[in-house]
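Each structure below appears as structure tokens.
Look for subunit A in each of the two complexes below; its partner is subunit B in the first and subunit C in the second.
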Partner chain A sequence: MPDSSALLEVQDLHVSYGRIRAVQGVSIAVPDAAVVALIGANGAGKSTLLRAISGLIRPRRGVIRFLGEDLVGLPVHQVVRRRVVHVPEGRGMLARMSVLENLRLGGFAHGGRTDLAPELDRVWALFPVLRDRRGQLAGSLSGGEQQMLAIARAMMARPRLLMLDEPSLGLAPLLVREIFRIIPRLTAAGTAVLLVEQNARMALQCAAHAYVLQTGRVVLSGRATDLLAAPEVQRAYLGAG
Partner chain B sequence: MFVQQLVNGLMLGGAYALVAIGYTLIFGVLNLLHLAHGEVFMVGAYVGLALALAGFSPWATLAGAMLAAAVLGVVVERVAFRPVRNRGSHVTPLMTTIAVGLVLQHGVVKIFGAEPVAFPAPFASASLDLGPVTLTTLQLLILGTSVALMALLELFLRATPAGMAIRATAENPTVAGLMGINVSLAIVLTFAIASALAGAAGVLLAWNFTALSPFFGVRVGLKGLAIMLLGGLGNVTGAMVGGLIVGVVEVLSVAYLASSYRDAFAFAVMILILLVRPTGLLGARLQSG
Partner chain C sequence: MEFLAFLVVDGLLVGAIYALVALAFVVVYKASGMINFAVGEWMMLGSRMVAAGVHGLGVGLGGGLVFACVGMVAVAMAFTRVVLRQLFSQSLLTLIMVTIGLGIFMRGSAALVFAGLPGGIARPLPLEPLTVLGVPVSAEKLVAAAIAGACIVALSWFFRGSRTGLALRAIANDQQVAMSVGIDLHRHFAITWGLVGVLSVLAGTLWSFVTGGGFGVELLGLKVFPIVIVGGLDSFPGTIVGAFAIGILESLTAGYVDPVVGGGFSHVASYVVLIATLFVRPYGLFGRTEIEPR
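Now for the complex of A and B:
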């Protein structure tokens, strides 16, 4: 359902790793300040799609239109300057730098502006635990705290579009709920979230729209509540009989 | 006498540390060895020589050598690293930088000759008698300059956005890019800074030894490389400490043992330390501090 009023609009995207076709003609749209989920099995092409949007990998063909501009071919740092921020799978911690240094680097997208007080205040409000740990090395944080730092660091760039790759990976159930409690709050500041998740139930509960990917293609899409109830989704991704 | 030798060693070691830090910074961001770094150091010293002979002040000589070395370092990155980055193996840049180093060496031989040349003293040096230690003003200048440059570098890496961008690139270039850092630019900046420090060390050591040869870079470059390993791969603070240790060992071995074996003693101590601590004095960290 590509929609010309969307913040991000991906059209007929094809991405290959050598001869392996990871994404084959995917089209998705992310409206402004909404949460959109991408669900699907391992190797369905979800992470590859995010990597193509953020410029980490160049698509073979297709269009990635963000606020009317095609992002294809832009270097990674230029995509970030347009406030499209990607939190990679595995959190991408700079483990040997402090929490505060990680956050300051997250604000690097503002072109080296050094007064990041307003951004920091917003981040402290969302993640009070990080404020207590700001002097600690990022590598010494627990897994849940690292995931919060990864999201907080991305929020320092004041993203229009935040792409989260498997934020629940490796976290205890309690922390997973904590992360998913925070994700909808991010949109209040005008940030749209494109969420890649294996935990389909949690993802569909917090998203407005969702796409189901299978071997590099969108096989199902619609309102998240409709997908939650769809029998094929229940069978394949929600573990229902 | 011992304290005097210690001070002399620190002076020499400070300049070695500047060279070793360059290797460390470049290894930190690229995970690759820059085997023409000793030649960048040597060319910096010759540019200093040309400026000194043209009558420039000691500070202008130093600044000119640093600037020339920085430009040369950026050129080396363009010619010997960028074309083979992400392509070819880890061995390719070893070959390309050795080639660039040989070209630089022969270029200097062509212009200045292969024989050692005298390097003019920057000023008529006065002696300061401080009880057990006698310092010359030149020694103070050499030691003070290397300490000041290292302090400035630490400050730059810790407290400026560009310095933090270099540290982030050293830790993880992909993540650095996702933070909005222009990784290619951070690498170029790293080469410029590393090479400027080598250029400064070139002039400082030329003042110390009062002479210069086109093969100066081979000896000092090798020592800088070994100091990087001694301090811990990619660890800037380790390179500083390692440089000072090697300088002191070298001077003490000249004073108390035999001057013809100075390099042998310096390298023997490095090998001993690495046998006990294979990851170097402060461990491999690929970043400052």
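Now for the complex of A and C:
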């Protein structure tokens, strides 16, 4: 599927932690304003792939092309300036700062601009609950609210590409549905979403394309609806007999 | 009773300067987890640069302050760029050792560079001692404390209200997350050390005013540890309260105990409190207990 019109194109990426090869020759593409899911078991290399794209770890080999520019070797804050924003697993709250301060920090990607009113309005519209809680410390929010804040903070950067790592982790089913109801709405504002999820069914239902990772390699890829119906996916990831 | 009031007021005034010194220590600790063992040497170098501006360049006190601020910020930039950046991924212990080395380097090079220049800084105005409500108050300490207080207010505004302050607090909260929202860590570490440089100039100069200056400004660094341990290493309000507490404690022990035991106990008293605090509340009066798993 990789084609030159993609927003993000990863080619033959290899990432190692010491001698452990976490990602071995992965190629993926994310089209503009689309949701793409990465599914696979624990340790398949999904999070590592996101960390490499956001500059948190340097790949051993490979190309990460975003809007035609190679991101490999850029420091994290430079990647964010290009509006590629990563919401790590565990949400990365600044727990001792207020909800509003967390959101203002999300706007750091815009460089010196300090008037974040348009971004804030957009975020309040997506997550009204955060508006009511804006003065509260982030650490005092519930798990679901923290996940919303994590996504909201990332949206403050008006990302072209938003990478979500396990947004449903540790949330009650009702909140998981709430999060997955919001994800497709993010693309309406021109944001592409690269979604890493253990909850394969939810991920495939909201994604257009998906890749299945296994021990650091892409073993299957295609339209999300096709993967939902594929017997090997059903057996391994969707719990069907 | 009047003697007690005098001692308490005197302790409070000195405490304001201590607070400035301790804040120079705490900003670094909060941003990077580094313990700056050279904080006294920074103060010494700051005041020596002011003195060099006044006596060596003849630019007066105002000019000397500007000269010293520029000089200390340059030292801070050189330190972050040449030393800290290279050691970024090293263990915290390495970085802490580096501050000890830097302190020794600062002492040695100050002795060479400023050889022959007087280290004292004359007060701009000779001040008469005041009497407030029957309590004698040292006028120079009052002025010094007022300036220190104004600096503390400005600093807390900087951290609360400015964009850079917001970024620094985010770094203090979680470096990884700060990085992932687009904050350039190295740039902000440099800003932190630049801030230490400016605070060193101010606190070093005020301390020289109060003590007559010249000798042993670096010993001011020794006051920091009881203050931050009592106040809690990572709390600005705690640091300020700790600084006043240690100031008053020193003043009271100097007034009541030193004459009995023959002097010197006031310098030890704060360390006795430090040890007691470590037993009772190891995270300080205002510090946070670290409950998040790490």
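Quick note on the criterion: the second predicted complex is superposed on the first by the 241 of 241 C-alpha atoms of A that agree within 3 Å, B and C clash if a C-alpha of one lies under 4 Å from a C-alpha of the other, contacts with A are read in each partner's own complex, and residues count from 1 in each chain.
In this section, a contact is a pair of C-beta atoms (placed from the backbone, for glycine too) under 8 Å apart; a residue touches a chain by one contact, two chains touch by 3 or more.
In this text, all values refer to a predicted model and were calculated from it rather than measured experimentally.
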| item | value |
| --- | --- |
| Superposed partners subunit B and subunit C on subunit A - clash or fit | clash |
| Which superposed partner A:Val76 touches (first subunit B, second subunit C, both, neither) | both |
| Contacts of A:Ala157 with subunit B and subunit C, given as first, second, both or neither | both |
| Which superposed partner A:Arg104 touches (first subunit B, second subunit C, both, neither) | both |
| On subunit A, positions contacted by subunit B and by subunit C | 54, 56, 75-77, 80-81, 85-86, 88, 92-97, 101, 104-106, 108-109, 114, 153, 157 |
| Subunit A residues touching subunit B - in the complex, by the definition given at the top | 54, 56, 75-77, 80-81, 85-88, 92-97, 101, 104-106, 108-109, 112, 114, 153, 157 |
| Residue numbers on subunit C that touch subunit A, as the complex places them | 163, 166-167, 169-170, 173-174, 176-185, 292 |
| Partner subunit C, residues of subunit A touching it in the complex | 54, 56, 75-77, 80-81, 85-86, 88, 92-97, 101, 104-106, 108-109, 114, 153, 157 |
| Interfacial residue positions of subunit B with respect to subunit A in the complex | 161-162, 164-165, 167-168, 171-172, 174-183, 285-287 |
